[in-house]
Structure formats: structure tokens, C-alpha cells
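Written below as C-alpha cells is the structure these notes are about.
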Amino acid sequence: MSSAVRTASPRRRHRSAGRVPWRWLALLLGALVMLFPLYWMLVTALSDTAAVTSGPLRLWPESASLAAFRRAFELLPFGQFFVNSAAIAVVAMLLSVSLNLVAGYVLAKYRFRGRQVVFVLVLSTLMIPVQVVMVPQFQLVAGLGWVDSYWAVIVPRAAEAFGIFLCRQFMLGLPDEVLEAARLDGAGHLRVFWSVVLPMSRPLIAVLVILTFMYRWNEFAWPLIVLNDQRLFTVPIGLAFLQGQYGTDYPALMGMALLTTLPVVVVFALFQRQFVEGVARSGLR
Amino acid sequence: MACHRVAGLPAGDHSDPVAPSSGSIPPPSGHGRGLSRRRFLAAASLGTLALTGCGTGFSLARGEGTGSVEGRLSFSLWAGDAELTVFQELADAWTRSSGVPVALNVVPFGELLTGVDAQLAGDRAPDLFRVTYQDIGLYAAGGALLDVTDRLPREVTQGFTDAFRQAVSQDGRLYGVPHHTDTSLVLYDVEAVQAAGLDPPTTLDEAWTWEEFTDAARRLPTRADQFPFAVNWQQAGAYRWLNWVAQNGGRLLDDDLTGPAVDSRAVREALVLTQGFFTEGLVPPTTSTKGSYADELFTTQTIGMVFAGDFLLPTIEPTLAEQGRQYGATFLPRAESAAADLGGNAVVATATSVNPEAAADFLAFLAGDEAQARFCEQAVVLPTRTALIERGLEYALRPDLMELYVEQATTISQDLVEQVTVPQFNAVNTSLVERLESAFLGNADAGEVLDGLADDIEGRLS
Amino acid sequence: MTTAATAAVTVRAPGTPEPGRRRRRGGEAPAAWALLAPNLLLFGLFLLLPLLATSWLSLYSSSGFGPREYVGADNYRELFADATFWRSALNTAVYAGLTVPVSLVLGLGVALAINRPMRGRGLLRAVYYLPYVISGVVVAVAGRWLFNENVGVVNRALRAIGLPGVAWQSEAVPAMAALVLISVWTKVGFAMVVYLAALQGVPAEYREAAATDGASRWQTLRHVVVPLLRPTTVFLVVLGVIESFQVFDVVYVLTGGGPGNATEMLVTYAYAEGFDARRQGYAAAIGVVTYLVVLALTAVWWRRQRGREVVS
């Protein structure tokens, strides 16, 4: 959000002192409800199983212990899994976001026969239930010799309809005059994209980064099928192992589930300020 | 983790990103964007850091894969901790003598066959995989498995009991080795059983009859959130319901295994009895065939008795020890006769393996007397070889209970084995899951449930 | 599909240029196709081709390996007579019909309430958004733990205050409720952010109305603000319906489709048929039908939407 918007905003009436801020209290209560599942996961992670499943109900940990985290890290190389997940998610994100931006730009600002057809075709892929096409996808990836490599996870999901849709909607709003001027100055297609379009698309990029990183970091079924070597596993696959071959260690599972969520939260925190503006200016409204 | 160091960047949000504006979109410009620029730099550095710091991740960008490649055996399996340790030990031992390395690819139980199916379809199947006796028929019939009839030494194949050799055979050909078996017993919480004044039977001959068992269950003291017991017939384990059928002298499939045989008094009685467990509230409603695994409720003290396989002991033992609880075991209830389920797993080689000799040699080693004894003792599961059954094993855990499991396993009948290893059994099992669920939770009429089951079986066997 | 884009553009601030109105130099097509090529290649190879393969497979009886047999339209014929398929379709519709409106209404409520200066606003907003970034698997795992009928905290809390526990896992209605609740938990934040963004396009005096007290507040909201947010709502509904029809992870881990078929969804049913019952051809048919249904729903919705926009 730019400061231009902030200064343009009218001064608002501030709540007179002494009144009960009902609205604020309601929001706070709602926020507590939203946080409770995560809080209970934390309590579980810090307790032993018996303490959170039997005896009188207690909403806070009786005695906090990191034993569950230790168990998880002893059982599986979660450190390695985090590194793998990060490597895959970051590379996949950079690739996807670049591809999205280029496609969105072309679909928004170029006139050519077949543009609508391409756009509709791209959007129609959004409705494909991935679990159903998983086997042919695997056959393809196997045919390319990619099985058990990061590329098998990254490349097949690199083109992403929703991202392209966002980019197109956002870029429809970019002023044509600026682009035209740059072209008249003799800038080529890539040059215009790189030095004119991209600098105007920061809020959009923030949205894409958050959504894509989240999507790729959280992916489960596909990596599980194309990655076989344990040294390549991602964190969500590790979580599946914690759900037990025989019996589930709930504290360890909850602890690692929470840890898994942290990186996404960090990325969100980093980019969230531009997020709302990005959403506001893309097709999401 | 190095790649997360960027988390330290100021991420606090004191301004108002969505402060009300005049409603128009501001012209995108580079002015007045100090903050966003910094944020943008942060983004860039996040990318760079992640790429360099986590570049270590990419040094591994390609794994060894599970596809069959020459000079190595790949083996896909699920395994608990105890199992994995001994699998690794045995694989290492075989590698020392054969010179061929074995790559173990461990996958959660629920996902293994999905992966194997995709790999078979993509022509990337491993050399070997672990499979239940209920699923093996499907793969054999689909031509996915290596016919090892003439590849295994006679002393190996003749060493299995008839029932287990049968379990991995189709049309007289052998498609793998019966690696081990399991069966179920009723585990009980000693304190709860004593409080109820119960004295669980200690020999097979004295095993509780259905009526005695039900009476015993009713006497177990329970709080509002507790139940007397639970049975292990969830999901892939639905076939364990057939124990009740067999105990009552009934069959699921007819004698030549080509059609249903559920329209009988014996089967109906078994269904009515087990349905009664739910309607009477003797078992938690969450332990129906689509529900959650029964053993978890035993460790959380929700139930006083649980039907559980021997392979669960390595999980249950430490958990209960930690809680300071004592548990014992008694035999499955009996009616006309005693009967127990065919649990356990086979190991198979794939038809597309490029190392058929090595794969067969590994199977022969794994299922030989010595390796099987080692595996069963360490993983606390039961052997399939006559010699081991006769001589007895020294189990690493609760040998007292394992003695009972061994005894119970003698009631796994050839009859039942034949029925649960037909090629289509896995489809029949999914029907069992659905139909029993409707009886247990939907309170459907027993006759209708069995009619539906018969229809399904007819469709799936054809 | 382009109608949604049009709808979105119509609420855009005045002065935003329409695409492609200006005169173009000729010869843009080669550059456009060249720039689109990588995307088109990836879509074609990894989505459209597998979709075609799946459609093809739906005409066969196949376990996924071994011999397959051509059966023509048999899978589809069986599908339309399959009670479980219809149940899954109904469940999916119910799931979408509950999850989407509830998360939208709550999201809008939070957005309206939070769209003004207040203490800890950034933090509050982040908290509401937080569940959205959590993976489906983690959400389901958390849900299963919370709503565990025997030892879950929800039922333990109910029992602690003397109420009976709810049969979240063994009765149809509570199981669907648990699924919807946990889904709404993750979706409220997204709706909130999108509505917050959209509220920027609502003139200040109307937004102000939401903040003032008195009798007219509700009226203004109902008759001015909500209609102004209409394109946003439509967008969220369409997106929500698409997502709901593809729901998998949460259901697979949380309920596995049970009890009975009470929470079986189209995609979980396809998965179960394909990988449990090993009827890949039949599973493919379910997948193809699901795809077509979502495609048709979205198209119809957007077309109607455009009709309304034109009329008004």
C-alpha cells in the first residue's frame, strides 16, 4: 500500500473514550476462536499424550516439554526435510511467478487472434481435479526420466492458471500509454516487460509470492508419489510418516505440524503489507 | 535453519495497509514507496538466501529412485521402527554375500500401494515390494509380479506351511514369499479386568465363547467416555470380521471361490452379534469399518480390551509402560470352533525387474529359516515356515504374550486363507468396509446388508 | 469465463483504460505466442494431455496395470446408476453450499468490522488470515485431533460442562458439520482479505455508514455496500465452488469419507475407486464428470452474471 493512498484517506472519527468497544471485543473473541486450534496443537505438542487425552480437561500444558519435537527429529531427518521443502518451494515459486507474470502480461496487453481461446483454455485447467489425473501425469514424468528428482515436483505444476488469471486482471489496469511510450522509445518486448511492467506490479508480485509459496510448500500427494528417496522428502511427507505406521504419536505430529506452518507464516508476514493492495488491483474483486 | 534467517527482518505492521482511500486506484509509481522497496529488497534477499543457503537441498536434487536398475535392488515397503531396523540389518547381510546393494524405500502404509500402482503404470516399478496377502492376488492377476516358482530353491518353497504357500500362489504358480504372518488376540487392561472380577482364559481350549465374551465385556466398568472394547476391523482390516463368520462355521465365498456364500445362518448370526456390539454401545462408534484404528483407543484408555495384532506390541508396550499400566492377552472368542485371521505380509518381485535373479535370490534369503527367524523375533511377528513354527522363537518383546499369539495362529484355517487371497479380494474387502459400516452405524437390517454384500461379491468376482 | 473479467473491470475506478482499445502495431502475434509458449507447453503437457489420457482411460476397464479392456460408455452408464456416486455429488454440493456462504458472510463481517483504525488491527487481521496459509493436511490433522469423538478437546470440554459429547466421527450430520467448520476456519481469512481489498473501491461515505451506529446503518450496508461488493462476492463464490468441488486432503485425512458415505466427496470417491478398489477406468469417469460439472457450473454462473450486469 502506497503512502499516497494513506494521505488521501479522509480523517476518521475516532471512537469517543469511555464507550465499550463492542466491535473490537467481538473481533478479539473471533480471533481467539481462530487461534484456538493452533493453540491446542501447541499444548498437545508440549504435553505427553495421556495428559491431553485423559483425566480432567486442562486447557494449558501441565508441564511443558520439548520431548515430542525431539522424538520427531530422532525418528526422521526433519532438518533435511525442511531444507528440501525450502529449496523446492523457492525455486518453484520463482519459476511459477515468472511464468504467471509473462502470461498475464501477454493476455492482458497483446492483441492477437486466439487470445480469448488461450485464456479460456488456461482457466479451464483450474477445474481439473488433480488426484484424478495423477496417474497419467506420473507416466509422463516417468517417461521424461524425472522421477525421484526435484524437477518432477517443480516443473509439472509450474504453469498455474489462477496465478495467470490474477496477473491478467491486474495488468489490464496498467496504463497503456506508459507501455506505448516505452515501445516508441524503441524498447523490445522483454525490455518493456522488465523495466516498465514489473516495477508497476509489485503488489501483484507480493500476492503471487504468498500464494505460490504457500501452495508449493504445502503440497503433499504429488511429491509423495514422485519422490521416493527419503533424502529428498519434503516436510508434509514427513508429517504423513508421523501419522504412524502403527499408532500415532499425537504430540510429535502436532508439534511438527506447527513447525511446518512457520515458514509460510514468515513469508506471509514479509509480504502481507502489499498483499491487500495486490488483491485489490487484481481480478479478485 | 539458515534459510529462515530472514524471519528476523522487521515484519511488524503498524501502518494501515487498507486505510480507507478515496476509492480510486493510485497511479503506480516509484515515489513514496520507501517501505515497499525495503520490503521488496527483503523479498529479493529471501530468494537469494533461500537459493544459496538451501542450495544444499539442490545438491541432492536427484535421488536414486525406486525404479529397477541394474546392479541394485530397490525395495518399497512400509515398516514400523522395529521392522525397519531388522529389514535394514537383513538387507545389509544379503548385500555382504551377494555384493548387490539394496535400497529400502519406506513409505507410509496408506500410501505405498498408490505409489506402486503409479510406478507400475509408469513402468518405474521397484524390484521388490511388500504387500498384504489380501492384495497380492490383484497384482499377480494383473501380470505385475515375477513368477518365482522356478526361481526359488525347493528347500525354500517347501519350507512354508501349505496355507502360506497357498497365500502367495495363483493357478499353481508362486508369486512371492510369505514373509511373515500375524494374527489377533484380545489385549486387556489388567486393572480394568480385575476390577470387573474377570478371569480371562489362558488356553485355547478355554477361550471365551461369544456369550461369555459379551458378558465379560458388559461387566467392564466404564465412564461416560469409555467403552468395554473395540475390534480391529477398520479399513484394510475389514476382512478380520470374517473371524466371527469362520468361528460360527460360515463362509464368505462358496467352496470353489466363485460366488458368495453369505446367505446362511452362520453368517447372519455373526453379523447380528457384531452389529449388536454397536447398538448396545459395547464398542466406540468410531471403530466401525471406516473408522479409526482400535489400538489407539486402548493406549488412551478409552477402551478396556482391544483386538490387536502381534505387530502392534512394539508400539503398545512402551506406551503402556510409560503410563504405568499392565496389560495381558487372551484368545479370540469362539463359537463352533476357534478361528483367527490371516494377517501378515508377503514380499514380491515385479515382472519388470531387470534383476530377476538377484531379486529371487534376495527373496529366498529373506524367507529362509535364519532370516525369517531373525525378522520375526525382532519385529515380534509370526513365522510362516514349518521349521520355525515347530521349534519356536525367542521374541524380543513380551514372549509370554507371543506364546499365545503362536497358539492362536494355529487356528488360521486353510479355508479362510483361500477365501481372503482370491485375486479380487481387495475389491471384496472394500465392499465389506461399506456394507459392514452400514450395518454397524446405519443400523441397516442384517438380511439386507448380506444381500447387498452378496450382490457386490458376485459383481466383483466376475 | 471472460465475463468475470468484465464484471471485475466494471467496478474498476474510472479512468482505468480498457484493454486493447488503442491502436496496435501489427505483428504482435508472433511475440505473443513466443512469450506464451513456455506456459502453453507446460499446460498442454502436464494438464491437458493427462486430462485427455484420463478421458481415454474412462472408456476402459483397468486396474491401472496389466491388461485393460475397452468398455465404451459402460463406466458412465454404471456411474449414473451408482447410488454412492450420487451421494458423493450431493455431499459435495452440500459441502459447497455450506462452506462457501458461511465463510463469505463471516469474512465480510470481519472485513467490515476491521476496516477502520483500531488497536492491534494488523495483528487481528493476520490472525484471521493465518489459518488460510496452513496446508490441507495439517488442517485435517488438527481437525481430527480437535473433533476426535473419544479424546478430542471439543468433546472433552462438552463433557466437562456436563453435556454429552457430539458424535463427530460416527454420525452423518456432525461429521459433515466438523468438516464444514474446519473448512470455514481456513477460508474466512481469504474472504476477509478480498473483501477488505474490495472495500477500497467503495466510496468512503458508504463505508463510513458501516461504522456509524443507528438505524440506517444496516440499511446502508444491505442496500448500498453489499450490492457494490457484488462482483467480489460472485468471484469468491465461483472460486469457492471450484475449490469445494476439488476438496480432497481435508476429507481424506479428517473423515475418510465416513461415517458410511456421509462425507464422501466426488474426488475422494474417485480416489477410493481408483486406488483402493483399483478401478482406474471408473475413477477416471468420475473425474471427467466432476471436471465437466464444475466447468458447466462456472460457465453458467458467469453467463448469468454478465446478463445481470448488462441489465443493470
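All chains are identified by letter, namely A, B and C, in their written order; residue positions are counted from 1 within each chain.
Assume a residue touches a chain if its C-beta (ideal position, glycine included) is under 8 Å from a C-beta of that chain, and two chains touch if they have at least 3 such contacts.
The structure displayed is predicted, hence computed values, not measured ones.
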Chain contact topology (line, ring, star, complete or other): complete
Which of A-B and A-C has more C-beta contact pairs: A-C
Chain separated most widely from chain C, comparing mean CA positions: B
Centre-of-Cα separation between chain B and chain A, whole angstrom: 33
Chain centre separation in whole Å, for chain C relative to chain A (CA means): 16
For chain A, residues that touch 2 or more chains besides their own: 5, 9-10, 12, 53-54, 135, 139, 173, 175, 240, 243, 269, 272, 275-277, 280
Residues of chain C whose C-beta touches two or more other chains: 12, 16, 64, 116-117, 126, 151, 156, 159, 196-197, 200-201, 204
For chain B, residues contacting two or more additional chains: 13, 15-22, 25, 114, 117-118, 121, 300
Chain C-touching residues of chain A, taken from the complex the two chains share: 5, 9-10, 12-14, 21, 23-24, 26-28, 30-31, 34-35, 37-38, 40-41, 44, 52-54, 56-57, 99, 102-103, 105-113, 115-116, 118-133, 135-137, 139-140, 155-159, 161, 164, 168-169, 172-173, 175-177, 180, 183, 189, 210, 214, 217-221, 236, 239-240, 243, 250, 253-254, 257, 260-261, 264-265, 268-269, 272, 275-277, 279-280, 283-285
Of chain C, residues touching chain A in the complex: 1-2, 4-5, 8-9, 11-12, 16-17, 19-22, 24-25, 28-29, 31-33, 35-36, 38-40, 42-43, 45-51, 53-54, 57, 64, 110, 113-114, 116-119, 124, 126-131, 133-138, 141-143, 145-146, 151, 153, 156-157, 159-160, 182, 185, 188-189, 193-194, 196-198, 200-201, 204, 208, 211, 231-232, 235, 242, 245-246, 248-249, 266-267, 270-271, 274, 280, 283-284, 286-288, 290-291, 294-295, 298
Complex contact set, residues of chain C against chain B: 12-16, 63-67, 84, 115-117, 121-123, 126, 148-151, 155-156, 159, 164-165, 167, 169-171, 196-197, 199-204, 207, 256-261, 272, 275-279
Chain A-touching residues of chain B, taken from the complex the two chains share: 1, 3-4, 6-7, 9, 11, 13, 15-22, 25-33, 35-36, 39-40, 42-43, 46-47, 50-51, 54-58, 60-67, 76, 78-81, 83, 105-111, 114-115, 117-119, 121-124, 293, 295-296, 299-301, 311-312, 314-316, 319, 322-323
Residue numbers on chain B that touch chain C, as the complex places them: 12-25, 113-114, 117-118, 120-121, 138-139, 141-144, 224-225, 235, 284-286, 288, 290-292, 297, 300, 302, 426-427, 430, 434, 437-438, 441-442
